[in-house]
Structures are given as C-alpha cells and as structure tokens.
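In what comes next, subunit A is part of two complexes: it sits with subunit B in the first one and with subunit C in the second one.
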Partner chain A sequence: MAISREAYQALEDIVGPENISEEPAILDSYAFQWLAEFRQHGSKFMPRAGAVVLPGSTEEVQAVVKICIRYKLKCKAHSTGWGLYGAPITENAIQLDMRRMDRILKIDEHNMFAVIEPYVIGATLQAEAMKVGLNTHMIGAGASCSPLAAATSFQGAGPDSIFMGSGPENLLAAEWVMPTGEILRTGSLGSGLGWFSGDGLGPSLRGIFKGILGACGGLGVFTKVAVKLYPWPGPTVMPIEGTVPAYTAQLPENIRAHTLAWSTWEGYADAVYKIYNNDIGYIAHRQFIMFGDELQAAVLKILTDTTRTLNDLEELLKKPEIQKLSEEMRRSFQIVLVGMTPRDIEYQEKVLNQILAETGGWKIAAMEEPTMAGWSLLYMIKLCFKNLNYVYAGGFHDAMARAGTPDLVTSGWMEEMREQKRKFGKQGGIVNDGGDAGMGGVGTAGGGGYNAFENFILYDPGDAASVEAARACNVDAGHIAVEAGAGGYNFFFMEKEQVQALLAGRARPAIFQWQQKIKEAFDPNGVGDGSYLCLDE
Partner chain B sequence: MALEDYLSDAKRCCRCSYCKWIPLAQVKSWRFAKGCPSIAYKNFHSYSAGGRLAVVLSLSEGRSSYTDGLLDVVYQCQMDGSCDVACKICRYHMEPLEAMRELRFKLVEEGQLLPQHIPVIDNLRKEDNMVMKPKAERGKWSEDLDIKDLTTESAEVVFHGGCQLGFDEELGKVARTAVTLLKNAGVDIGIIRGKEENCCGGKAYDMGYRGEFIKYAENNIEAWTRAGVKTVVTSCSDGYFTFKRLYPDIGSKFEVLHTVEFIDRLIKEGRIKFNKTIPMTVTYHDPCHLGRLGEQYIPWQGEEKKIRGQIVVYEPSKPRNNGAGGIYEPPREVLRSIPGLELVEMERIREYAWCCGAGGGVREAYPDFSYWTARERIEEAKSTGAEALVSACPWCERNFIDAVNGNGDKMKVYDVIELVQQAI
Partner chain C sequence: MGEKKEELIKIVGDNNVLDDPETLDSYSSDYSFVPSRKPWFVVKARNADEVQRIVEWANRTVTPLVPVSSGPPHFRGDTVPSEGGAVIVDLSEMKRIITIDGKNRMTIVEPGVTYSQLQPELAKEGLRLSMPLLPRRNKSVAASLIEREPTLIPKYRWLSADPLRCLEIVWGNGDKMMTGEAGNFASIEAAWKRYFALLNPRGPAQVDYYRLVQAAQGTMGIVTWTALRCEKLPKVQKLFLVPAKRLDELLDFAYRLLRFRFGDEFLFLNSFNLACILGEVADVIKALRDELPRWVLILSLSGRDILPEEKVEFLEKDIADIAQQFGLRLISSVPGASSGRVLEAILNPSKEPYWKLGYKGGCQDIFFLTTLNRTPEFVRTMYSVAEAQGYPASDIGIYIQPVHQGASCHCEFSLPYDRSGQVEVTKMQGLFTEASEQLLKEGAFFSRPYGFWADMAYNKDTQTTMVLKKVKDIFDPNHVMNAGKLCF
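What follows is the complex of A and B.
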C-alpha cells in the first residue's frame, strides 16, 4: 500500500523529487536491517516505509513533520541507521534519512564543544577535533555512528566513557523538531545565547531526551546539537601504518595501550574501583573478549597479519602460546593511558603499576609487543574496526546483558553468563567461542562508577537454523535477565502486547509510564513511531 | 558464479555503512572522508554497496521487480571497489563488488538493459571500441611509428593501446611515448596495429555484458598467441585489470605489466636515464583498476564450510582481494626518481583512493555524475598545493581533463609517462 498521491506530492514539494523515493527497491534497502530477522520472523526486512525522504535543513524537517501530521502518517528519522530501531515498526511510515544534514557547523576550540548535524559521524568529528588538540566521545558501536544520535536518541556509552562520559552526558544545547512540528531550542540556545549549555538559561530537556534508552526515533527529529569535546594531546592527524587490513598506529610515548589481566574476578573488580578513584585512563574497555574467550588470541593474530584469514583459526588455536594468551585474557580489559604532559603519563603509569601490584594483576606481555600495541591503540582510539563484531559469519546479538557496580563481576554472574551461552555454542547453531564474549565498559559513565556487559551471540544471518539458535539463546538469556530485573534490547523484537508485559515486569516500570506521559504531552497527534518505550497505565 | 551465490552475502551484510567511507582508520578530515561516489552523489542508502546487497535480496525474494528506478540504482556506480576494500577490512567473507557485478550480469542476461548503454554496446559490437567511434579511426598514434606489427610479425611483448588511447588524439601521445621508451630501452615489443587492435572487453564486463567480454578476451588471447607474445604491457589501467584479473579465467597465461611497472624496472636497471629537471609539485591519483583492483589473479575454486559451529571459512582457503596487493609504489617510484619533481599525497590514496568517475559505464550513461566525481578529486588534488594531477590511466586522465576544462581550473593533468618523457 502506497501513501496517498496528495501526501507524496506535498512531501516532494518540500524536498524536491531527487530527495524522496517510493521505489520499492529503495524502500527495501531502508527496511533491510541488522537484527530485523528476530522481529520479522526470519526476514531481513523491517516493515516497508511509504516513502523515504532526505531533508536538507531544519525547515524541511519541520515541514515534513507537519505534512505527516496532516496526512496522519507516522514519521521516523535515523542518522546513519545502523540497527532495526532506525526503521519504522509499522508499514507505510515516512522514513527520514538525515544524511544530507552532515555538517560540522562549529568547533569551539576554546570552550571545547562542537555543533553538529545528524549525519556527522564519529570518525569525521574526531578527525576535525584532533586538528585542534581535542577529541570526541564515541559510542561502542564506533566511528561510523552519529554522535548526535548517541547524545539524543539511543544509549550512548562507549569505551572512552570513563574519561569522556556517555553521549547524553555530553549533550549541550540542541535543536529539536518536536512531533508537533514546532522547533524547540534547548539550553542556552533557547535563550539566544549560543550552544554552550544544555541546561540553564533556557529550557532543559536532556532527561526527557535520554529517558531510559533514548527516544529511539519515536519523538520528533533532532537536527543540530552541541556536544562536549575533550583534550587530545596526541598528533593532529593519527599516523597510520601497515598494510590493509592490518593497519596500526605508532603513537608518541604519552599515549599507551595495555591489556590488563587478573587471575581472579576480585582482583579485576578491585582494580576497576582503584582506577576510578585515582582518576587515570582515557579509554578502558573489556573489548577484545568480543571474539569469545577461547578464540580472542587467535583472532587478534589473524587481524594483525595481512597474510592470514579465518581459515588459519583452527591451526592457530592448537598453538600453546595462543592458548596461553587466550587463557591470560579471560579476566582482562584494555586500557589506553593518555598523558597530557610527560609527567602525567609517568604518573598514570606509576599509579597503574601500583594498582596492579595491589590487586594481583599484570600487563599481558604479548599485547605490549609493538604490532599488537599499535593495533590496540588504533582500535581503541579510533574505534574504526567495530564491525568486527560480525567477523565470523555476519551476525551478532545479545545473550545476557547487565549493568552494575564493578562488583558485578564477582557475583558469579560472569560464570553464569558464560555457561548460559557455552551450552548453545556447543550445539553448533551459534559460534562456539568459549561462552564469554561479554564485552563491556570499565566505566560506562563519566568518571566511572558503573560498568555494563553484553554477552554476544555470534551467528550466521544467512542460515535460518543459526538464526533460530541465536533466538533460542537470546530468549533463554532473556528469562535469566528478567528475573534479575534487567533485559537487553529485546523490546525491539516483540509485538506491542509482549513489550507491555515485559515493561510491566521490569524492576522500575514507572519510568516507562512516565515515558508514556511524555509521549502524550509531546506527541499529541501520534506522529512518532512506536519504538519509544512506553507502558500503558 | 551466479547472483544466487551472493544471497548469503546479502543476508550477512550488517548495514554498518563502512562501505560508504574510506577505511575509518584512514579518515583525516571531514571533507575527504567519503569513499563511495555513488552514495555521496545520490544519497539514498540503496546507492551504496550495502544498499545494493539489500536490493539483491529484495529482488530475489520477489519484493521488488525491474523498474527504471532499479536500473538507476544498479548503474549509478563506478564499480571502482572502494566499498569492497572498506567492507573487507573487518568482514572476511563478504564480496560486495562481486555481488554488484553479478547483479549487472543478471540484468543484462534478462534483457534489462540501461538505455544509455545500448548505443555504446551496439557500437562495440560493430566497431570494436567503447568510445563510439568508427573502427577505422583507431590507433592514429601509431601511424608512422617504426614498430613491429604483430598482425604479421612476432615479439616478446605486445603493447595494448586500448580504446581510450586508441581514439583520443590528445592522449594518443601517451601510448606513442610508452612504446618508444620501451623499444629504445631494447625491449622486443610490437603492437596490433590500427583498426586490427580490439577492445579488451573490460568495460563491457563492468557494464554487465559478460558475453562481449568473453568474445574480446578470446580474440585477443588468440592474436597474442599467434604473435608469440609472452608479456602484455598497457598504459590503460582498465585494460591492465582486464588482462591481469579477468583473462586468466578465459585461459590467458601471459605476464601482464602496466607501463609504470615496466618503466620503474627500466629506471632501476639504469636503462632509462633522466637528463632534465622538472621543477613541479605533483600529486598522484591511483587509478582504481591499477591500485586496489590491480592485484594478482589467484585461481580459486572451492566451497564455503563452517568451523566452530558457525564461523565461515573456505575449502580450500580463499584468496582475499582486499586491495593489499595493488600497484601503488611503481608509479610513485617513477615520479620520485624524476629530478626536481616533488610528489605530495592527497588524503585518499592507494587502496582507498577516490575514483576518477569514469568507470563502470558511468561516464557513458551519467555524465553529470561522472563529472562531479572527477571534480571532487580535483578539489582534493588542489588541497595539496600540487600544480599537477598525475595518473596512469587514460580514462582517468580524460575525465580529469574534461572536468578541469569545464571548470576553468589551472590544475594540469598528466600521465606518468608524459613526465618521464619530459625528463629524458
């Protein structure tokens, strides 16, 4: 079913014929999504939009929203659109692809913030920021994602959160086309005072935007935001060496990557607290575990050697030194120390050594070797290899996910998480990676304080049986998570009734009822897509 | 392979958009971060490799059908492979470029022809060239050249001029210079003279006309075999890719060299010496077909299998064409060896170079898009402060010259060979 000719024409009049399409193949390229198969009964396609529209300015976005209200059409924007939550969840909605709004409007070097449009990605903002000695926070999904989306609409934490905070923490003033079609300028911008503040001197809606997860495209369109930037005492252009795909970065002495390991979870947790308390570290993340505890060392060998492929995996896994490294990495995370001065790096290194001595930890020697250290630095600082999550067969999904204080790792949960998935791995429907691919932040908010893990299910979306196995593993993990008062992205894979039941069962259902009230207040015409999580009263 | 063989690639595409950018590790600025001309120009997601994989799936599931809009999605793409390099950095089992190529083959086989390509292919069938010219006009550059004619004589080396150099009067000098340099250096070299030389078939292949490609490949292989040729040399990067990467599947066993590789060798052996200084700052554009697509051909036949449950590997191990083995240093070495010449680099180079805009049948079907793509590269060249943009492919050069002229720019455009000649 197509949208009415009148509505289509009205939209076309706003953006011009070259920026709107209802060509089925084009609409399907938008409907095609990572994880759609779990919502759409095995299909890679989300519900097909009625039209896709590429607005070029805030005024165009506003006009499009008003047309959607007039013709009773749902409307959903995405920035880069990586994930099923960027696509409408009902047929015939209007998909806004924000890619024409891709400008960095300002980098305020002295006040350390940037003003960006939706389709600025982490990589481009970082490159421009580094030119003036600054850096930007990037979500764990990496450099291809939109810092605006992370700040306003969806989650927002990343490996650098310990130093740079999460997306919503970095949000300053914003320009928002509300679901009513009005434009609201928040923070200092709302008082005509520029972009420097998200709160005072003008309306503050940061909490409304963030909610529990973000508005997920269900509450209007963000057209410009200011985000905080952070000091970067490294080169203005990252010096990249090596041959594709094994690029590396050799950085000056004041920037170092280590992989830290412990033989007990108690040591690990103690060290994380001490890192918070001593305020060291620029990036800290349990990152390379994403390949699975048994496979991580072998995969790192492959990724840092241009001559190798996954065909070498089995041979590598037999090598004692690889087995030893994987075992050593079981309770480990990566840390990047960045010294603002030579004395600073000396100090941070000394503190880290002391923390390791006190907690029984060590720096893994094999990861200090120049190729590995250079690759780790590049990976962690630029987050430029994040689709390695899909390296084995093209799919990753969540098993058990959980956030908490660093003690979480000592609660037995890490073992439980590992065993839960290991069982499915042994059956062959998902990658048998050892069980623990529990990637997670060491500090998921600015300054640390808490961390969060997701145990990845690695599967083949091209193989229906593998998709089913991944689903079964996810559902099994979901039960355990709900019992513990947690639960990952599963809302996105369910019908409305199931979502309602799940939200009602959550530890803090009131937040979803508040989101319902927010929805009613800001979106009286119901133009927003249903992916904003609300619990009917 | 057939399009069906790429359905699992389509399902395994993770929609990450890496294929739209240069490798993210290499991003140095906002301005020059884009890798894919198609999505940069057209903006809809479908005009990217990931988007086209979704289109493949949509078509195969009968969710969409052949329309003009679909043809536009498929053909507004230079087939330059920037997407392929970016995707494969982290994805070891994806072949987005091959999938897009198969989609073109399928369209042509099923009679879904892009109207703008029809006269070009008709002309190819009648006149054996891709530039809409009568066959009789081919190869003027060699008319009075004292060189073996391999239609009747034999030689170790054949120089293939190709369609662009063969008919472009301004660029014909590149071929003439290349052959003369090699001959003077003592190489036993000849040409298939004038109208007897054939198209390589590579452009037709990129446009989806597999049958035409096979016909020209067989003709050329036969002609070279008859002349006792062992090595094929060309100054055309399109031709180079075609001979090196595509012909072996049709039975070719010839060594294939681009002139820059040969000249680099001769300079290093002292068989070419420079007497003059060229005081000029230049920047080098890596032609896609010489760079990331110009890797060694490694035959492979095998099948996918899985280890550790679901990890996709191949039996036997499959070569990875990810741009690592492209020809990047020889042209740079040649330029660096020219006295007085200073080589400065653009941001997007080597395996992640921005395309000139001419490939994949785009110049023929979508001149505005082709011109825009070339202009983007010229802007990048200008940002380095270089006075000249140097390349090693006549298709790139023609596109750049047209774009420079169209805009009244001062940027000079050269082939590496022209600078070599000036310095001798």
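What follows is the complex of A and C.
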C-alpha cells in the first residue's frame, strides 16, 4: 500500500534518498519471506510495506518513528531478518532495515561484554571476541543472525546455552526507541554510567519488551545493546581448512567434540541431569537430528565428503554402516567440552566418561573419527551452516515443539512427536526423514535445567502440495501441543480473529489482557504492527 | 477506622489484625534514616487468597499497603510507611516450603521462609541455595532475592536475579498471576504434570513480569511464592584466602578466575568486615581488624557429584598456578583467620546479634553496582569522605561481590555507629548523605535505590522515571502499594 507523498518525503529527509525506497521490486524483496506461504492466503509474500527505510543512527530511528506517528503509519524493524517474523504483518507499514547500523561499538575484555548495533551478526562478533579470548552465545538460528535481535525481540536460545545462557540472559543495558519515539536506556546506561547492567533503577524495565518471546518488532526499535561474552581458551583466529561444506578445524587438545548415544531415553535423561549437576560442557545439543533420524548419517557422510552430493542419498541409505550409524544416533546429542586449562579438560572428559558408564551411554565411534569430529566441532562452535536446514527441499517448519525438564524424553512424548510427523511423511508432500528431526534437547538456559525440542518438517516451498502437507502436519501438531497444555500457536500465520480466539482459549488468557494494557501505555498511537499480542477486553 | 478494622478482621481473623501501640511502633521505623511513621494496622496474612483480598480491599478503600516479609531489624526504610493511614501486610507467617524437587534442583517457598529455615531442609535433599553474605536469621529468602541482593556464587548467576525463577504475584490492582513458565498453566500441579519444574522465569508470553517486581520495594504487588533454582550440595569443599595489602593487587587475578568460572563462593572483604564476621564483639573485632590482612579474596572450591575430590584438587593446582603468575598466594589461613572458620561463617546465616551490629550497635550501608576495575576508585572516595567527616577509615567495612558472572559487582560500605547518641547519629547522617552523593557523582549505580537514594538516582535518569510511572499505573492503578517509595 503506497504511503502519502508527504510522509515519503519526510522519511527521505531523515535518511537521505539513497536509504529509502518504494520501488515495488525492492519492497517485494522484503515481503518475500520464508514461511509466508503458511499464512491464510498462501502467498509467499507478506503485506507489501509502504516503504523500506535504512536508518543509520538512533536519532534517525527516532525521527522515523515520529514520522510514522504523525502520518499514522505502522513501523517495524528487522535486523538480519529470519523468516516472516521481521516483516510487517499489517498494511500501511514502514519496514526498517537496520543494516547500516552494523558496528561493534565496544568489547570490554575484562568485564566480558560487547556493545553492538542491530546488524552485527553472530559470526562477526564471535570473530572479534575470539581475538581477545572471548566468545559469544550463538543463537539456534545461526551465525548469520543478529545477537541484538535475539536478545531483545525473539527467543534467543542456542546449542551453547548450557554454558553461555540464552540471548535474554545475556542482555545487559539496552537502548530502545519506544513506539512513542522516546528513547529509553535501561539500567546503568540510563544513568549515563555505561553498559554493565540492564536492571534498575528499581524494577527491571526490560521485562516490558521481552518475555519468553520478544515483541518481534511490534513494540519499538532496539538500536544498541550490551551482551555478555564468555571465555574462549582456543585460537584467536579459527584455523579453518577444507572446502565448503566439508570445513573442518584442528583445534587444540583442550577443545573436543563427541556425539553421545543411549539405548533408552531414560539413560539420555539421566545423563543430561548429570551434565547439569557436574557443570561440564560448553555446547550440548541434539543438532544433527535435524536431518531426520533415518537420514542423518547419510547426510553427514555427504556433507563431510566433497565428492558426494544429495544425489547419493538413496545409495548411501542402503549401506549397512550408514543404517547402523543412523540407528545408533537415534537417542544422541553432540557435546563440545572446552577446558580452560589442561587439567580442566582432563577432568571434564573423565566426568563425561563416568556419566556415560553410569547411564549406559557411549561415544559414537564413527563420530570420533578425526574428519567427523573436526567437522562437527567446527559446526557446533560456529553454527554457520544454518542453510543446511533447507538442504532437502528448500523449506523447513515446525511440527511438534515442546519444552520441559530432561525427564520429558521419558514420557513417551518423543515417540509421539516422531509418530505424529512420520504419519505425514509417509503420505508424501514432506520429506520422509523417519519422523524425528527433534532438534534441541539438552539445555535451553544457562546452567541447564530445562530444554526444548522442535521437530522440523522439511518441505518444498515452491510446491503447493508440499506446502499444504507441511501445513497439515503443523496444524495437527499444534492441536496436540495445546491439548498437552503447551505451545501450540503460531500467530504469524493467522488472521486477527483467529489470533483472538486462540489467545482467549489459553489456560491464562489474562496475560494477553495485561499485554493490551502495556500496549496502550507504550504504544498509544498504534505504531506497532500487531506482533505484540493483545487480547481485547 | 473501626470499619476498616472490621473488614480486615473478616479477611484474616481477629488475631491477625494488630493495632496495639507497641506493635505499631515496631513497624514505624527501622535502622535507616527514613522518617518514622506509624501504620494504622498490622495485618498478618496467612495465604495468597488472604493477600489478594487485602489488596482488593485496599483498592476499594484506597488504603496504602506496605508488605513486609522478613523479621526485624530492618535497615533500608522500605518497610517503613511513607504515607499516613498505611496497613502493614506482614507475610512472615507464610512459612511454607511448598516443595523441594531434588531432581530438578528446585524449591518453591512462601515469602516468610527464611534462609535458616530453608537451608537445612534443602540439605536433606542434597541441595543448597547460594546465599547473600550472612543474612539475618529471620531474613526472608524471597524478599532478599526479589530485591536483587547479591549472592556469594557469581558463576551461577546467569541472570542478575538468579536463583529466582517463577513467582506468584498479587498485583497492586488485586489480580493474581503466576509468572514464567508457570503462567501458562492453571496451577503449579498442572505445570509439573507437563514436565515444567517452574525453572524458566521468562514470560509468560512477551513480558518478563518477574522483572517488574524486582527491586520494587513492594510498590508493584505482593509476591506470594517464589520458585528457586538450587545447587547440588558440595561433597567436598575447600576454602582459600588470598590476602593483599591493596585491593587492586587482587583484581587481575580475580578477573582471570571469573573468566574461567573457577571457584564457587567468590568475594572480597576488607579486614574490618572479616573481623566483624569472625569477631562478633567490639574488642575482639578491633583486635582482629588489626591482625588480619588489609584485603582478602575469599574463594571456595567445590566438588559436587562425580569425582568431587579430583575437581577440587585440579582447581586448587590451577588456581595456585594462576595466583603465582600474579604474585599472589592461595592459602588456607591468614593471621587472625583460618579458612575453616571463614567457611563456617559464610555458609550460614548470621549469628545473633546481626554481624553488622556487633561493633557499635548500629550500622549504615552504602551499596551500589559498578564494575570490578572501578572499585578501588570508590574505596578511595569513601575513605576520603570519611576522613573529611572525621570518621575512622579503619571502621569502614567493605564487601565487594562480583555478580552476574562477573559482568558487574556489588560494592558495599558498612559504617558502624552508636545509635544511642544523638551526636553520633547526626554525624553518621551527614557522612551517609555526603558519601552517597559523592559516590553517585563518581559513577556509582544505585540500582536498588532505597530511602533518599531514590531522589538522587531518579534525578539522573528522567526517562526511566517516566517509564516506571507508566508501569506503576498499569499494575497498581490506585497506587496502594507502598506509596512514596522509589519514584512513586
């Protein structure tokens, strides 16, 4: 929907003509979003924005928000963008693309935090942090995503959360252009004292903009944040070798990767508890299951052997050693141990061995082979192969997703999750990967304690029948999750009336009435696009 | 007033509405310099439903409420009414430990549960909570953590509020809410049934409600239970002392250990504070103060579940190596203190009288957040102000506690004085005010602004002040909750 000439001119005056566009092709390139095809109309496009604006500073963001208020426009920012979540879900909106704000403003080596702008990506921050012996939490969405967005606006967990916490745990002070156009600097920053604390004065106001999920861009724009960093006792520059995607790295003896397996879910759960209780592990995640329990071993072979392609999949699946490995990996996860000293790594390895002995687990021998170990180590540390989620057919989405204590895996839910998707896989339309592509499953928060799984549906977004099959699988999974009292909604795919009905049907619908009150107080002009969920009174 | 009393009696029963002069006096002031004001009534609530009915009543009658969970003495003025006609909601009788879940290392407690009550029960399940430094025996666990008091083990504070997780809150408007993952369910039991141990404090949905009651001094609502993440009780624990003449000699070493997450209890004390902890009475404290090293980094090493001895052994070797690189020594006793005595002291609540009162009977604390590297500057400032005001620097207790895994630290100056003499009280008031203002000017972040610090701190951050008022209007629209505190 086109915006008025006055509004466009006012926006152009702020950012300059080179940083604003209303060209249909440009606008559609922003509206064309992964997962948009699951919305009601089935289009691959989100609503086309009135203009896309690239601000270069906090002041420009603030001025843009004020213009949006003046001309009654919606406003939504995305940083690196990850699916339809960063795009406006309503008409009459301005899309802010934060790519010009891409600076690492500071790395405080002693107090272990970095101050970053929205378009700093995990990979860049990690590379800079490693130069001074530090590392950054990498969210599950991968190294190309914005740590700022993860910490303020979406979910923020990742494979390293057990040691490095999740995005919101790592958030210190933040600079927030509120939907009124005013700027709030949280914690110590608000008093002009630096970035070291995000809490106070008194109550912690970051509670307003980030819960289990952030406002997804629906409640203002975050322009700078400080995030905690973590120790990295490895090389200051990652010694990467090989050819994509078979990258590998020879890392020092104090950094190791294993794939651990159990014959029962009880053993798996017991081991996870023991890992928490003994404070070992730098990264721990059920990662490669994302390729599907029956396909993962073959895909790993393809990814680590540059002579192989996906065309070899069927041939590889027939090989007994591949079948054996897939079976062995069914109840497995990857763990990276990082010792701060030689004695530390020796101790961690011993504890891990004892945990395996006590829980009936083992290290999968094929994954200990140097090529595989080097590849998986690099994968887990850098998390830079997120594109592999799309490897089979170009699209992925969630079937059943669930969080809980480690014991969750012993409840029968894993089998239910697998069967739920397997049923659809057999019908065709989505990749028949065995049913269990339930990634996650070790620790979603600092120190562990609870974890989450998301079972991927792999589909072809260019094929209407495949999209429909994936949608059916997702909807079916959602019903099961709601009956289980968890998750089960994906409001980005729904019309407003459906969202209202969904929120009203929750066990505690009042929480969305509280959000309505917050919305009224913080966004009285309705600049947000509706991603901040509100239940009408 | 008679009618109000009758209505309160209907809610909590005759025996739980108190208005005798002695009781009202005991709630009308504390050890702070906050002006005293007598409440109308003290109401002892016994459960969340009563709390909710009291808050609803307060909204109907526009009566100020002041929640109190810990027993006396209080030190910060936050439980002294700022407005006339207030009702104290005393939660100290809500002493239920609702559950201890050993496997998931969680406990759920009501606000009247104290550390001295909880820690032995946790120990039976092989657990413990990281504590603040020698809390009063009657200190509420919930109040301490909701107010973001620092605890002794920085490596387990992924969040600044750890180990606080889910809560139940009665907001200022009378609505009751469970926060975090509990908030998605109709009851705690329903959450447990679905494999949620109330570990995840975030949400529900897109708001972290539990953050909005933190350090709020009871101005947003009343918390009726808290879910807390515990640690495994160590099987082996050794404590070491790293002495130094100057604080800055310890900092690079400390930064290295914080980075490696080596060590559990991890704190700095100056000689006077350590003497107060070990000495208990004035003469002994003085003698110890003169004998102890000027500064000590206190560091405990724990082995918990598997190979505990080996863990402590390797940590001891590694840390000794690191200490040597910085010209420091990791030792088990210093003149005046052995590691055993210090460990015994810091793993328990304070003996009676409270450890800060043993020297002169009264004490004022000035505390704030900063980063570790800046602490020597603040120590110099404190000494300089004390000297200018004729207060002996040797009587200043200093406690520095890295928090949030070392991203920042709590810096606390304790100033003992004799409360019985008006001259000394007036002098202390002057010192307290001057030092607080000077420290603020130099960059101290009074993130928990009690008493007169509130005006001082909020004047530096008008935007936060404005936004907090919006939040207050949402959750406590009639401003019945502890009116007059913070910026409200």
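Basically, the second predicted complex is superposed on the first by the 524 of 537 C-alpha atoms of A that agree within 3 Å, B and C clash if a C-alpha of one lies under 4 Å from a C-alpha of the other, contacts with A are read in each partner's own complex, and residues count from 1 in each chain.
The rule is short, and it goes like this: a contact is a pair of C-beta atoms (placed from the backbone, for glycine too) under 8 Å apart; a residue touches a chain by one contact, two chains touch by 3 or more.
Remember, it's a predicted structure, so these values are computed and weren't measured experimentally.
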Item to complete: Would you mind checking whether subunit B and subunit C clash or fit side by side on subunit A after the superposition?
Response: fit
Discussion item. So in the superposed three-chain picture, is A:Asp463 touching just subunit B, just subunit C, both, or none of them (first/second/both/neither)?
Written reply: first
Discussion item. So in the superposed three-chain picture, is A:Ser144 touching just subunit B, just subunit C, both, or none of them (first/second/both/neither)?
Written reply: first
Discussion item. I'd like to know which partner A:Leu533 touches here: subunit B for first, subunit C for second, both or neither.
Written reply: second
Discussion item. Quick check for you: in the superposed arrangement, does A:Ser191 touch first (subunit B), second (subunit C), both or neither?
Written reply: second
Fill in: Partner chain(s) touched by A:Phe32 [first = subunit B, second = subunit C, both, neither]
first
Practice prompt. Check whether A:Tyr390 is in contact with subunit B, with subunit C, with both or with neither, and answer first, second, both or neither.
Written response: first
Item to complete: Aligned on chain A, what is the least Cα gap between subunit B and subunit C? Give it in whole Å.
Response: 22
Practice prompt. Would you tell me the residues on subunit A in contact with subunit B in one complex that are also in contact with subunit C in the other?
Written response: none
Worksheet entry | Complex contacts: residues of subunit A adjacent to subunit C | 108, 110-113, 133, 165, 168-169, 172, 178, 182-188, 190-194, 196-216, 219, 228, 231, 273-274, 276-279, 340-341, 343-344, 346-347, 350-351, 354-355, 403-405, 407-408, 411, 444-447, 449-450, 484-486, 506-508, 510-512, 514-515, 517-518, 521-522, 532-533
Fill in: Complex contacts: residues of subunit C adjacent to subunit A
103-105, 148, 156, 158-161, 175, 177-178, 181, 183-186, 190, 193-197, 199-200, 202-217, 219-220, 229, 232, 255, 258-262, 304-307, 310-311, 314, 317-318, 369-373, 404-408, 443, 445-449, 454, 457-458, 460-461, 463-468, 470-471, 473-474, 486-487
Discussion item. With touch defined as at the start, can you tell me which subunit A residues reach subunit B in the complex?
Written reply: 19, 21, 23-26, 28-34, 43-45, 48, 52, 54, 80-83, 97, 99-100, 104, 120-121, 123-128, 131, 142-144, 237-238, 240, 243-245, 247, 249, 295, 306, 309-314, 378, 382-395, 425, 427-433, 458-463, 466
Item to complete: Name, in rising order, each residue of subunit B that touches subunit A in their complex.
Response: 7-18, 21, 23-30, 33, 43-46, 50-55, 57-59, 61, 63-65, 67, 69-70, 73, 85, 88-94, 306-314, 317-318, 320, 322-324, 351
